[in-house]
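Here the chain labels run A, B, C, D and E in written order, and each chain numbers its own residues starting at 1.
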Amino acid sequence: MSADNGKTVKSEESTFLDVRDLTVQYTSMGSVIHAVNGITFQLKKGETLALVGETGAGKTSIAKAILRILPDVSAKSKGTVIFNNTDLMQMKEKEMQKIRGHKISMIFQDPMTALNPTMRVGKQISEVISAHRSISTEEAVAEGKKMLEMVGIPAERYYEFPHQFSGGMKQRVVIAIALACNPELLLADEPTTALDVTIQAQVLELINDLKERLNTSMILITHDLGVVNETCDNVAVIYAGRIIESGSKYDVFKHPGHPYTNGLFGALPNMNLDSDRLSPIAGLLPDPTNLPDGCAFAPRCPYVTDKCRQGTIPAVEVEPGHFCECIRMDEIRKER
Amino acid sequence: MGKYIVKRLLMMIPVILAVAILIFTIMTFVPGNPASLILGADATEEQIRIKEHELGLDQPYLVRLGSFLKQTFVELDFGRSYWTNTSVTEEMMERFPRTLAIAGFAMVFTTIIGIPLGIFTAVHEGTFADRIGVLLCVVGVSMPTFWLAMLFVLLLSLKLKLLPAQGMGGVQYYVMPVIAQSLGGISGMVRTARASMLEVVRADYVTTARSKGLSERKVIYEHALPNAMLPIISVLGGQLANQLGGALVIEQVFSIPGIGLYLINAVNTRDYPVAQSSVVFLSILFSLIVLATDLCYAAVDPMIRAQFTQGGKKKKKGKEENA
Amino acid sequence: MALIEVQHLKKYFDVPNGTLHAVDDVSFVIEKGTTMGVVGESGCGKSTLGTTLIHLQESTGGKILFEGKDVTHLDKKQLHDYREDVQIIFQDPYSSLNPRYNIARTIMEPLEISGRFRSKADVRAEAERIMDLVGIEERLRGSYPHELDGGRRQRVGIGRALALNPKFIVCDEPVSALDVSIQAQVLNLLMDLQDQQQLTYLFVTHDLSVVRHISDNICVMYLGQLVETCSSKELFAKPLHPYTKALLSAIPSTDVDRKMQRVQLKGEITSPINPKPGCRFAARCPYATDACREPQQLREIEPKHFVQCCRIEELG
Amino acid sequence: GSSASETTTAAAADTTAAAETTAAAAADTTAAAETTAAAGEASGTRAKTVTLGMNTQISTLDPYNGVSTGTIYLTEAIHDQLFSAPALGAPIESEIGKSYEISEDNKTITVEIYDYVHDQAGNEIKASDVAWSYNTYLATGNATGIAKYLENVEASDDTHVVFHLKEATCKETSAADAILTGCVIYNEAAYDADAYATNPVGCGPYKVKEFVTGASVTLERDPNYWQTDESLWASLKAQNVDTCIFKIILEDAQLALALETGDVDAVNYVSADNLQFFMDDAGNALSGYIIEPFSSILCVNVSFNMFPDAGSKVANDKNLRLAIEWAIDKEGITQTIMGRTASVSYGYATPLYGDYNPAWETQDIGFDVEKAKAYLAESDYVKNGSPTLVIMTESNEVKTKAAQMIQNYCKAIGINMEVKTADTALFDNYKYDFSEWDLKIDNNGSRQSLAAMYSTFLSHEHTSYNGVPTSFNGAPEGEMSKLCAIANNVDTNSQQTVDDVFNYYTENAIIYGLWGSINYIAAQDGITGLKVQALAYAQPWAFTYSADYKGVAD
Amino acid sequence: MSAKTKKEKKTGVNQWQEVFNILIHNPNAIIGFVIVAVLIILAIIAPWISPYDYLEMDLMAAKQGPSAAHLFGTDDLGRDILSRILYGGRYSMSLGFLSVGCGALIALVIGAVAGYFGGWVDNLLMRMMDVLSAIPGMLLSIIVAAALGTAYHDTVIAMAIGNVAALSRILRAQILSIREKEYVQAAKASNCSSFRIIFSHIIPNSVMPMIINCTSRLAAALLFCASLSFIGLGVQPPEPEWGAMLASARGYIRTYPYMLISPGLFIAVSVVGFTLLGDSLRDAMDPKLRK
C-alpha cells in the first residue's frame, strides 16, 4: 500500500488496484457537492484496506466510483481506476458489467434496503452467478443454496423473501451476493454498522474467514476504529473527500500523524483506559459545496497556522508507507 | 389466501349495507315527489295520493328502508322502476355492459399504454422524450374529458364525418368515448408510473442489482419494475373509480344508454329504485375491484402477501401506512 | 441514597400474535447522582424500561419508588409533579424535536407550562441560561431543528430535558446516532452536567465502550429480562453471565496490540412474544441445559453483583 | 332544446313537441297520407324500411306501465284504442270503437265495438277486454287524464261497453273525448306486465320486432291487422312501410347530422340552430330533403305567484305585474331562443285549439317600455325597496334562456330579478310551493280545448297550499275559477265565455304566454309526405314514400 | 449533510420558507404559479376589466365569432364571452378552493379525532369513511348534488364530500405516525396538556401531506366542478361558470364551435396551472425527494 500526491508511480507487480486522482462531484439543487477530491491509493492482492471517516466524508462515494455505480444523473466522477492493468473509468458499460459482481463486488451499507423486497432471497444470489457464468438455472440455484449455507443460513430458506429475514441474516445474504462469484476485490461499505455487537462479531468473523479462504482483497469502509483494528492491514483516513493519512494499521494507530486522526482516537471512549473526559474534535465537517482553501481540517484544527489555509497540502511520507497530509506534522508528532 | 378473500368479502357486507342505507336515506329526504312527477302537471292531489300509495311512498321511512334492504339483500332483487315499471335488474344488465365497455376499455388503455409509457419516461429521465412526455401528461390530465369529447365530435364526426357522433351500435360508436375517456387516465397513469419508477430507481437494491453486473435491462425489468408496480397497482383501483365516474359524464356527451345515464336520469326523476340500485350495484362492483387490486398488490408484494395469510389486523396497519 | 428503586417491573404489549414481554420482572436501584447504564441488543426492552420509569407508558406490573415514595400509580396532579423531577433524552435527534418549533421555543415550552415563572421575560432568561449551559450558540437560537447538525440537535434535546431542573434523566441512546467526534462532545456535556447539578441518569445504549465510560453501574438486559447488574468496573473486569461475556468479547477493540478471545454466539435473538418460561438466552447459550428451561431468579452472586443464571456456580 | 331526460311527463311533454299547424293543414296532410296509402297499396310499392332518428328516450312500450315521452310516438302503431284524436279540435275517429253514445245527462257513455277485433297474437278482443283494459289502467294510478272523469267501466255484452262518469266532471267539455281516446286495449288473458314493457302485444298495425334499451326500437308491419277494411282506418293508422326503426339520438346537432350523413331517413325534430342545414332562409327545403313545421299544443308561459300570504312580491301588486308584462319583448325572446321553431303566443294559448280567438293577437299585452315604466311608477315596487324578484324555471336550456332574457328586460326598467333553476324533480316540488318564487316559467297544454286547459291550470281546484285550494299559480278561489268553470261546462261553453277568461287573466296580469313551439320534421326526399299525431310526434309508418324510395336500412 | 451545513448560514428559516425557496427555483412551479395567480387576479378584477357586463344581452350581436369588439365572440344571447369567462373564473376558482377547503376542514376534524383518540371512535369514524369511499367519488358527488340542488353552497358541499374520505385517511395515518414521534413523547414528558399536544405538536406536523394532497385535489376539483355544471348539476345559468358555459354552447357545436373553445381552454389552462403548482409543491415538500 502506498500513496502519492499526483506523481505517477509505476504500479508494482502485486498492486492490482491503482486508484489515482479520483474525484466525485454531485449536483444537487443547483450546487456542486465535492464529495471526493483527488484520492490516490493502491491495493495489493490479498490485502485489506480500511477507509475510515465521519459521515459524509465521501467513503461510499469512493467505492461506488470504483464500481461505476454512481447515479448517472446527478454524479460525475473523474480519475483513473486501474484494475488488473485496465482502466475501469474508460471501460465500456458492457465490459464493466462483466467486472461488477464478478471481479469486483460490493457489500452495501444498509442491509435493510440493499435487498430487493419483491424477489426471493435465493434468486438474488443465484442471479449474480448466472449473470457471470454460463450455467443452467438449476445449477445456479444449487450454487445459490451453497452460498446461503456458506454464510450460515440454511439452504431451505432460499425461497423466502427478505422481510422474513432478520437484519443480521439480510446482511449475510448481501455478503453471499458479494462473494458469489469469488471476486478479486470486495468493497465492503460499513457491513456491520446497522447490526448489534454480537451479530456484528459474527458477520466480521464471516467476512474475515471467507476473505482468507478465497484470498480476496478488500476495501472495508467504516467509521469504527475497533472494526478497523480487528480486520484490516492498512488504513486510510478520509476527511472531506481526501485521504489525509494512510499507512499500515499499526503505524496509523500507534503513531497517528494528522491532528484529525489524533482527534478521532481522543474522542473514542476507550475500553481500556479510565479517562474521565473525552477530548472531542471541535466543530463539524466543512460544507462540501464550499470547501475551504488549503487543509479542509484547518477550521477545526488546534494546530492551525496561516500556511494551512493556502494551496494544496502535499502528502508526506512520515515512515515508509505511512503518508500524512499535514504541514505541521513533524512538530505535532514530536509534541506527543 | 382463500380465507382472506372470504374474510374481505364478508367485510364488504356491512359496508355495502351502509351504502344502501345511506343512499336510501339521501333519496328519501331529497325534495321531490316521484308520484307527482310521474303523473304530471294536471294530476290532482287525490291522484297523487293514490299513486304514492301504490308506490308505497306513504309508509314510514323505516318500513320502506326495511323492505328495500330486504328486497335488495335477501331477495336479491333490485325492484322495478317507478316510471316504467320495468325490472331494474334486467335493465341494468342490459345497460351495464355499455358502461363497462367504456370504463373497461379506458382502463385497459390506461394500463397497457400508461404504465409502459411512464416507465419509459422514467428510465429516460431528463431526455427530450421524457420532457415532452411529462408536459403532454400535464396537459392530458388537465383536459376536461367532456370538452375533449366534444372536440373529437367536432372534428371526427362533424367535420371529417369519420365516426358516429353518438348513440349505440357497433365498435365504431365506442371509439371516441373510449379515447376521450382514456386520455386523462393514461396521462395520470404515466405520471404515477413515472414517479413510482423514479423513486424505485433510486433505491438501494437497484444499486445493488447494478453492482452485481446485471444488464441494465435486467436491472430495470427484474428489480425496479416489480417494486414500482406496487404504488401503481394501488392507484389502479382509484383510476377505475375515476373511469366509472367519468363514464357517467361521457355517456351524457355521447348519449350512450349506460348505467350512468340511467342513474343520473333516475336521480333527476326521483326514480328511487333505479337510483338506489345503481348506486348499490356500482358500489359492490367498486368494492370488488378494490379487493381485486389488493389481491394484485399481494401478488406483487411478498410482505403484504405474508400479512394476508396471517390475518386482517396487521394488513390494515400496512395499508394505512401506505396511504 | 437510592433515588429510584425498581421492583419486579413489567411492561407487556398486546400485539396481534400474543403478548409481547418487553420488560419482564426487572429490579434494580439507582443511587442519587450516579449513572445506571442499560445495555443489550436491539429490541431487548431498554427504551421501554426507560419510558415506563418516567410514566410515558404505564407499567403492567411491579413497583417504582422515587425518593422512597411509591410512584407506580399516579393521579393527574402527582404525575404533573413527578414529571418535573424526571426527564428523557431521546436517541434520534431528528425525530425528537418538533420541526415546527425553533430552538428557543423548544426549550421555553416546558418552562412556560411549569408556571414557575412570572413573566415571559423570566422564561426567556431561564431558557437563555439553559442554552448557554448546553452550549447552543446565540446565533442558532432562532433556527429550526432541520438546520442544525445532529450534535447540536442533541444539545437542544438535553437542554429541553434540563429545563425543568429534573433530578433524574433517562438518556435513551443519546449518542448512538452521532459521529465519534460529536459523540464525545455530547458525552462530555452530559458528564459535566451531572457533576454540576447532581443529576442521576439511566443511560440506555448498546455501545459498550460508551456505557463503560459513563456509567457507575450497569444493567445487562436480554429479551426483556435483567440478566446481570453490578458496578461498571466489576462488570468489565469480571462478567459472570454467559451473555455478558459474549457481549463484552464481541466489542472490537482499538488496541492494536491486544487480541481478544471471542465468545461466538450462534443464532439470533428470538421473539419476545409469548416467551416460554426459563432463561431466554438459553437458545443461544453455549452452556444451556435443561435446568435453564425452568423459571430463573436474579441472584446476588457477589456483593452488589446480581446475575440471573442457574448455572453460574458451575460455570465459575 | 333537446333534453337528455329519458322520461318526461306526457302532459308537460317536451317543449320541442309539436302538432299540426292549423286544423286545415292537418286535414291536408291527413288527406295526403290517405291518398298515398291507397296509391301505395294499388301499385304495390310499400316502402321497405324507414329509420327515424328520435331525440326522446323510449323506456317502455306499454302505456299502462309507465310514462315516457318516446312511448307516445309508437302508441298508434302498436296499439289501438277505442277512438283516436287525429288533431286538436278535429272529431275523434273510430278505431276499435265503432260508435258511441252519450246519455242525456252526460253521466254515461256507451260504446259499441267491432265484433272482429283481435290483437297481434290473434286473441279476440271483446267488450269485457275493453272494460278490463280501462279498469286496469285506472288502477295503475297513471291514468290521470281519464281517472279524473271516470267512476267505472263495465261491459254490457260482447260488443258494448258502458262508461260511468263522475258527477262533478260529467259536464266538462272534453270529458267524452278524453275518455274515449284515453286507453289502449289489450286482451285480458294475454296481458303480461313484464313482457309488455318491451314487447307488448297490441291491436295496432305494427308489431314490436326488437327493443334495445336506450338505443332503438324496431317495428314490423302486422299483415294480419284486425281491421281489414282500410277505409275504416283512422288517419294515424297506415302500413306504408314494412319495417319501422326508431333510433334514439338525443343530441340536436348529432340528430341533424344523422339525417345529413344518411344514418337515418327522417328525424322527429330539428332544432332552430340546425334548420339551416335543411332549409333556406325563405323556409324552402334544400334539395334532397323534405321538411315541414308542425305546431304544438304546448304554450310556454310566465305566471305570477298569486298566493296571498306566502311572501310573493307580486301577488298584491297588479301594476308591478303589468309593468313586467309590458317590459317583456316576447317576440324578441321567441325569435332569439326558438328562431323559426316557435310562434309567439298570444293569450295563454296557441292557435291550434278550436276555441282560440285570433282577435287576442291584437288584444294581448305587447312590448312597450314606456308603458312598463308607467305601470312600475304606479306600483309599490320602488316603495317596497326594489326587492329582487325570483323567477323560477326548470333547468332546461330553453326555459333557462327565457328566464335570463326576462331578467334582462326587467332590469332595463329597473326591476331586479334573480333566476332560480331547478331540475325537473325539484321544479315539480317547488312549483306548488308559493314561498319559493314570484314568477315561474312553465309550459302547459291540453289535448282537448283551451277551456279545458284553462280550467285545469287556472281554477282553484287544481292544488292546495297551506290547506287553501289554489290554482297552479297560487290563485285561491275567486273570479278566475268561476270564469273557468263557466267556460268549461258543456252547457255554457262558448267563444264568449272563453274570451272572458282571456280578458280576466290579461287585464289582471295573472299569466302571460311566451310562445308555442313549432316542431320541424325533416326527411330525405324519397319521403314525400310527413305525418304527425296530435302532439306533433312523427308517425313514420304513415309517411308517404315515393316509388323509388330506399331506406338506409335496406 | 451538505444541504444542512449550507443552510446554517441562514438560520431561522422554517420549513415553509424553505419550501418557498425550492419552489422559486423550479420553473414548473413558476409557470403554475403565474397561471394560477393570473387567473385568480383576473377573476378578482373581472368587474373592472371586463369589456361588457357579463349578463348584458345584445340580441343584435348574438352568436358572433371572435372580433375586435368581442375578443372571444358572443354567445347565443349576445353576451360577451370574454366577460363571461372572466367572471366565470370566480365560480370555478372559488368552488374549487371552497370545496377542497371544506372537504379538508371536515377531514381535519374527522382525521384528527380518529387519529388522536383511537379506539372505538377511530373505528366508527373510519368505518364511516369506508362507506363513503365505497361509492366512487364522482358518483357520490353527483348524487349529493342532485339531492341538494344547485345553489352555490350545495355545489360546494356536493364537491367537498367527495374529498372527505381520502383526506381524513391521509391525516389520520399521519397523526398515527406523528403520535409516536419522540418529540410528542418529549412534550408529554414536559407536562404538555393533551390539547396543547394535539394542536401545537401533532396537527401542525400532520397537515403537510394533506396540504400536498389538497393542492393536487384543487386541479381535480376544477375539472369536477366543470363536469358537474356540464351535466347540469352545478352552477346554473345565467352565471357563467366555465362548465356551464360549455354545456350551453354544446348545442352550437356544429354551427358556432367557437363558443366551445374558450371556456374549455380556460378550464384546461387553469387545471394545468394547479397541476403544475401541486406537483412542484409536492416535490418541494416531500422529504423523500429532497435529500
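Operating definition for what follows: a contact is a pair of C-beta atoms (placed from the backbone, for glycine too) under 8 Å apart; a residue touches a chain by one contact, two chains touch by 3 or more.
None of the values given here were measured: they were computed from a predicted structure.
*Asks:* Chains shared as neighbours by chain B and chain C?
*Replies:* Under the touch definition, chain B and chain C have A, E as mutual neighbours.
*Asks:* Starting at chain A, what is the smallest number of hops through touching chains needed to reach chain B?
*Replies:* Between chain A and chain B, the shortest chain-hopping route counts 1.
*Asks:* When the contacting C-beta pairs are counted for B-D and for A-E, which pair yields the higher total?
*Replies:* If we tally the C-beta pairs in contact for B-D and A-E, the bigger total goes to B-D.
*Asks:* Just the number, please: Cα centre separation of chain C and chain D in whole Å.
*Replies:* Chain centroid spacing, chain C to chain D, equals 89 Å.
*Asks:* Could you give the separation in Å between the centres of chain B and chain E, each centre being the mean of its C-alpha atoms?
*Replies:* Comparing mean C-alpha positions, chain E is 22 Å from chain B.
*Asks:* Using CA atom averages as chain centres, what separation in Å is found between chain C and chain E?
*Replies:* So the centroids are 48 Å from each other.
*Asks:* How many angstrom lie between the centres of chain D and chain E, each centre taken as the mean Cα position?
*Replies:* Each chain's C-alpha centroid was found; their separation is 46 Å.
*Asks:* Indicate the residues of chain B shared as contacts by at least two other chains.
*Replies:* Correct list: 30-31, 153, 158, 252, 268.
*Asks:* Which residues does chain E have that touch at least 2 chains other than itself?
*Replies:* In chain E, 1, 5, 146, 149, 250, 253-254 touch at least two other chains.
*Asks:* In chain C, what residues contact two or more other chains?
*Replies:* 149
*Asks:* What residues on chain B touch chain A, complex-wise?
*Replies:* Touch residues, chain B against chain A: 125-126, 202-205, 207-216, 218, 222-223, 226-227, 230, 300-303, 306.
*Asks:* Considering the complex alone, what residue numbers of chain E touch chain A?
*Replies:* Residue positions touching the partner: 1-3, 5-6, 22, 25, 291.
*Asks:* Under the stated contact criterion, what part of chain D meets chain E in this complex?
*Replies:* 1-2, 251-253, 256-257, 271, 273-274, 276, 332, 335-336, 395, 397, 400-401, 404-405, 407-408, 411, 419, 421-423, 426
*Asks:* Using the touch rule from the top, collect the residues of chain A that touch chain E in their complex.
*Replies:* Residue list for chain A touching chain E: 28-31, 33, 55-56, 284-290.
*Asks:* Under the definition above, what is the set of chain B residues touching chain D in their complex?
*Replies:* Touch residues, chain B against chain D: 30-45, 47, 50-51, 54, 81-87, 91, 94-95, 153, 157-158, 161, 164-169, 252, 255-258, 261-262, 265, 268-270.
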